[in-house]
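Below: a set of structures, written as structure tokens.
Here come two complexes built around chain A, the first alongside chain B, the second alongside chain C.
Now for the complex of A and B:
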């Protein structure tokens, strides 16, 4: 009898710990029943491609959320960083090689992809640094600070480019990252996402920076009183978030073979939704990025299934929203149960 | 000695829960504007500022109530879209009915948010991001992505939303009325005051017997109602109701509330402050528009200015400590 209950509780706890894997498994079954083509290699490839951009942004958002901040500027940074990188690279080429790479008003690039890619990542980190400084040194809450920087970047990228899309069609090496498929099945960008995610998961758990970010997010006052430079670790978390945005925008450019300034997709909200689905607590200091990676897969499969089932984008928005609400409620009920077990009174 | 004086000045600015600071910022902006921008102080220009931003101001008043209780509602824009689109279905049969439907839908959306946030106690940012998608999806689904033109055929709505009294646009008068009424509510009645208490210290409020769930639900419902009203004002002003009418308005509303001195952490701010915040944002946008930088430069500068203004608030709060 006792054996039985312990077995039951073990199953229950395993299920609770691997809840997201169960969701993914259920989704695969549902997807296959709706449309057998769901499990075809081509469709799986589509799902993996869909994972990378949202996944990398959600990783960045997770890091920001863990440090008890929020970054609403990632959508704007996703185009502002590569845009400024392209213009900086163009300036460098014109100045040192006397050969501009951005061809006049046509928006075609004639070379310099690697410089652009490197500068993109550097600028994205710099944007994160700026966000961090505004939040910590100017005391502006991150919610407002990053909305402000997002407006600034959105406006400036239109001012600088005059809304002109930039194309990499003429540079063959530019498509390597985004378009390569290993064995014709697994996109290279998905591998990049996987490696980045695992590295971040490792770094957050095993390095000083990671542990400090968790500590600062969990209880800033306690972290400061135990001698941590909370401002510095907050800035680091924004910079890590910027790094993720930088990698995402390089992959994005490479996949799209160009850069369109007027991106209107709600990247910020998607990334927050994915991070929260993955169990990152919005009140900071809790959750891990494995959850975020699983949630990325869940969202990609969900949207794909809805597509295959013939739903339009409006229905997709409604269904995604419902799932976010349900998951939020689920996580909260689980946390409330934990607090009741600890006999804490929840207000 | 000098730091002592700075602290005293900063404390003096605490008057009226941030109203003093917001008025000061507004004053500085207005002085700058009337010196630098030639046509700023023209009566028509002032009236335009008030007309354009009052609808968002009405929404921000509701949002301010939610923010006072320490929560946030990012779904206000979608509530606006959904309630306007549902009410347009009834527009041709009876205008009064459609206005009632408008408010009822807004209230129901607010109630859903409020129940999820207050009863389940899930974080409001998460919940309202979810309901943002749900409501905006539904607003397109209920009308099959069709437009509705709000023309002379609907005299009641146009009369309510577009008329002028004493040279002031009616939208501004509603905004003013709502701001004063909610200010009296939150500062002079026991139930209204408890919004501040819940936001400032939830545990203390709970211990002193305040029904936190009820306070939060009421705040969300009022927020939903005000969002729906502002939606109809905007629809009447631009003469067309489309299902993405509220998209992005949540950012404007949050910006107005924050510029008016409402704290994102709850318990601080006032609805009269929101009124000044509304005018501040209006004046800011107007200065940038009249200085002919171009609309994108305007967006960029607006972002920088919002950060600067919030910095001033936080500086004052820190110095007053």
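Now for the complex of A and C:
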């Protein structure tokens, strides 16, 4: 095969492989040009905060997508898991310590943060487990199964809380997670996101866990014939996604000082969009979560820049949509070039 | 000698009430090559699938080294030392070669962490043993079909099997590659591994086997042993495969090829496509079957695709009926009366979920439309039934989804589809890949009929005998160029001459042609 090692093509291939970093760099330049306040510590903090929630959800979605599934219930789980955790914790506290943490019908929570946090994560993983079981044992496609669980959870959230939000009554442990900033600059929650993301990335790339998930997503039949318990690994993927949702819930609650089940941002769509922008393939088995994390940053910076430039949320949505399509085209072009270089023809 | 490595007694298996195995007894000894032969649907695939743990037997006993064995999954079979390499390489295309080979038996540090160094070392060891070189970090989707086959075999080898089942792995290989593979198999025999070899190519069976077991209609109908000095004869095998009533003597029925010079149907002038093929010219006459022989990577499939409009050439011209044509795609080629049967029926020739009848009529919808463009189901059914009869299609009915049909029958449906279309020029790439003797000859009969109706056919096949049986002329393409022509009636129109020409090293590539190699 001809090796074209001229400087031009080397630059070209480096650019193609690190494309997302280039986009981020370009965004930083553009952002600063629009408004110098862009690079101020306060604004950077805002951007990092924006990364956290969507980023964790996108990480979870990425894992699901890599295993050739999809999780459309993460938005509903984001409120259902913590809500169940709070009520369960309240029940346990009332029963065992005779000290309820939920004050009557006012919707205030007074304490028990650690238990609530742990239960949130456990319940979120359990929701993932349920999704996985429905998909593998009942043979329901994940698209349908997770829509089903999403509606169920949304409904139940309303039923149990009667639509009333829960506020934290000044719980120092919770505030700690939400407010702490390392060196007064980097929010703790962003660090949590970063560490979680890097851990997942490492696991997927360098451990047997990663090989299993990619195999299940790439060619389930081949994976099965290799002796893998493919059902089990699909369930694990959903549970990992659930873990991400759980962590995201905890961080979200601590920042928002409470839980409002009525919020209806399109978390599922956002997570899918970010995953795809980061290079995860919708048909499974391809992409890596580094790209997801970079895409999270890209979207956060993008929306922040548009804000600073004075554009409202509708403009932001339109621009985001355009970027999604542009990135998809870019990936397609890169793929075609790769096939051409290897002299593979698509008939 | 000693106890059999694998003993199977009274194995029975049915699918949805249809019996596939009616009580098979089979022994396999360590260090021998046992070939399983039989027509598609005779039960040999079912039998090997049961041994490999993919299907569960309904009843019967299996013993390995004298100990009774029960297994319900490929993993169980693997633990007992049984590995299977299947025809269509089941590899994860999205992962690298090394990852695929070590899938589910990775070398780890501390149980979870992948030890890539150790895996690469093992990988080199296995590849050296097999005598084939594949870049370990290449993505499986990028390597050639042959390389994929080798990777599948390496994957099985890694698990140090006692019994290795090779299910039609030679289908995409040419003679030289098959020879290399057989060398490896002979090496494996010496280490005591038992090899169960399944193939439709009787030439290979007689070359490599120590014993041949013939399966017909779910029963084992006979065995041949290569004792001291005796050979296993193809015609004996065929006789058993088909049963007394058929009375066939050889793999390819004798056919009288009438030679006549008719009008030129298709002219190809200097067709070139960078890195695929170069300056290919030929003339196809009406009532003529032209064969193209050559090794993989010779650009033949791509050339055929170009004649069908699926790959556009960089230079050259195609003339049909004397007029220059521009083929913008399969649609326009079809309109001009050119049809193509590709070598990948599952992905390119059939809609697996659709029924037999839907697959047959799908390329001819404009011809079977009624008033207002409505397609009447009874018309579809009528046409499908005609073809089912004409081709001897083994199916439960026109509405059966084609995914349940055997390979040979699936191939017949692809042929039926294009026959219905009634093309003037038919391009065929590997017409009988994975098809058994009987179905093969039925397909050949149909092609011969087309020839008698003044159609023109271009066939590419890695099976030289097939081309010799069917074609008026055979072109040899190597590294993208036509290097030799063989005509029926001339002295060199023999298997020996063709094989010699195909594998000769005269046709080394020039410096400017840069073809992808395994």
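We adopt the following convention: the second predicted complex is superposed on the first by the 333 of 347 C-alpha atoms of A that agree within 3 Å, B and C clash if a C-alpha of one lies under 4 Å from a C-alpha of the other, contacts with A are read in each partner's own complex, and residues count from 1 in each chain.
Heads up, the rule we're going with is that a residue touches a chain if its C-beta (ideal position, glycine included) is under 8 Å from a C-beta of that chain, and two chains touch if they have at least 3 such contacts.
Keep in mind the model is a prediction, meaning the values are calculated, not measured.
In the superposition on chain A, A:217 contacts chain C only, with no contact to chain B.
More residues of chain A lie in contact with B than with the other chain of the pair chain B and chain C. Once chain A of one complex is fitted onto chain A of the other, the partner contacts of A:139 are limited to chain B, with no touch recorded for chain C. When both complexes are overlaid on chain A, the residue A:151 reaches chain B alone and has no touch with chain C. By the document's definition of touching, neither partner reaches A:87: not chain B, not chain C. In the superposition on chain A, A:286 contacts chain C only, with no contact to chain B.
When the two complexes are laid over each other on chain A, chain A has residues 347 in contact with both chain B and chain C.
Residue ranges on chain A touching chain B, taken from their complex, read 70, 134, 138-141, 143-145, 147-156, 158-159, 269, 272-273, 276, 282-283, 314-325, 328-329, 331-333, 336, 346-347.
Interface residues of chain B, counted against chain A in their complex, comprise 72, 116, 120-123, 125-127, 129-138, 140-141, 145, 202-203, 205-206, 212, 251, 254-255, 258, 264-265, 294, 296-304, 306-307, 310-311, 314-315, 318. Of all the residues in chain A, the ones that touch chain C in their complex are 1-2, 206-212, 214-215, 217-219, 221-229, 284-286, 342-345, 347. Of all residues in chain C, those touching chain A in their complex are 54, 73-75, 78, 84, 86, 90-95, 99-100, 103-106, 108, 112-114, 142, 155, 275-276, 302, 305, 310-311, 348, 514-516.
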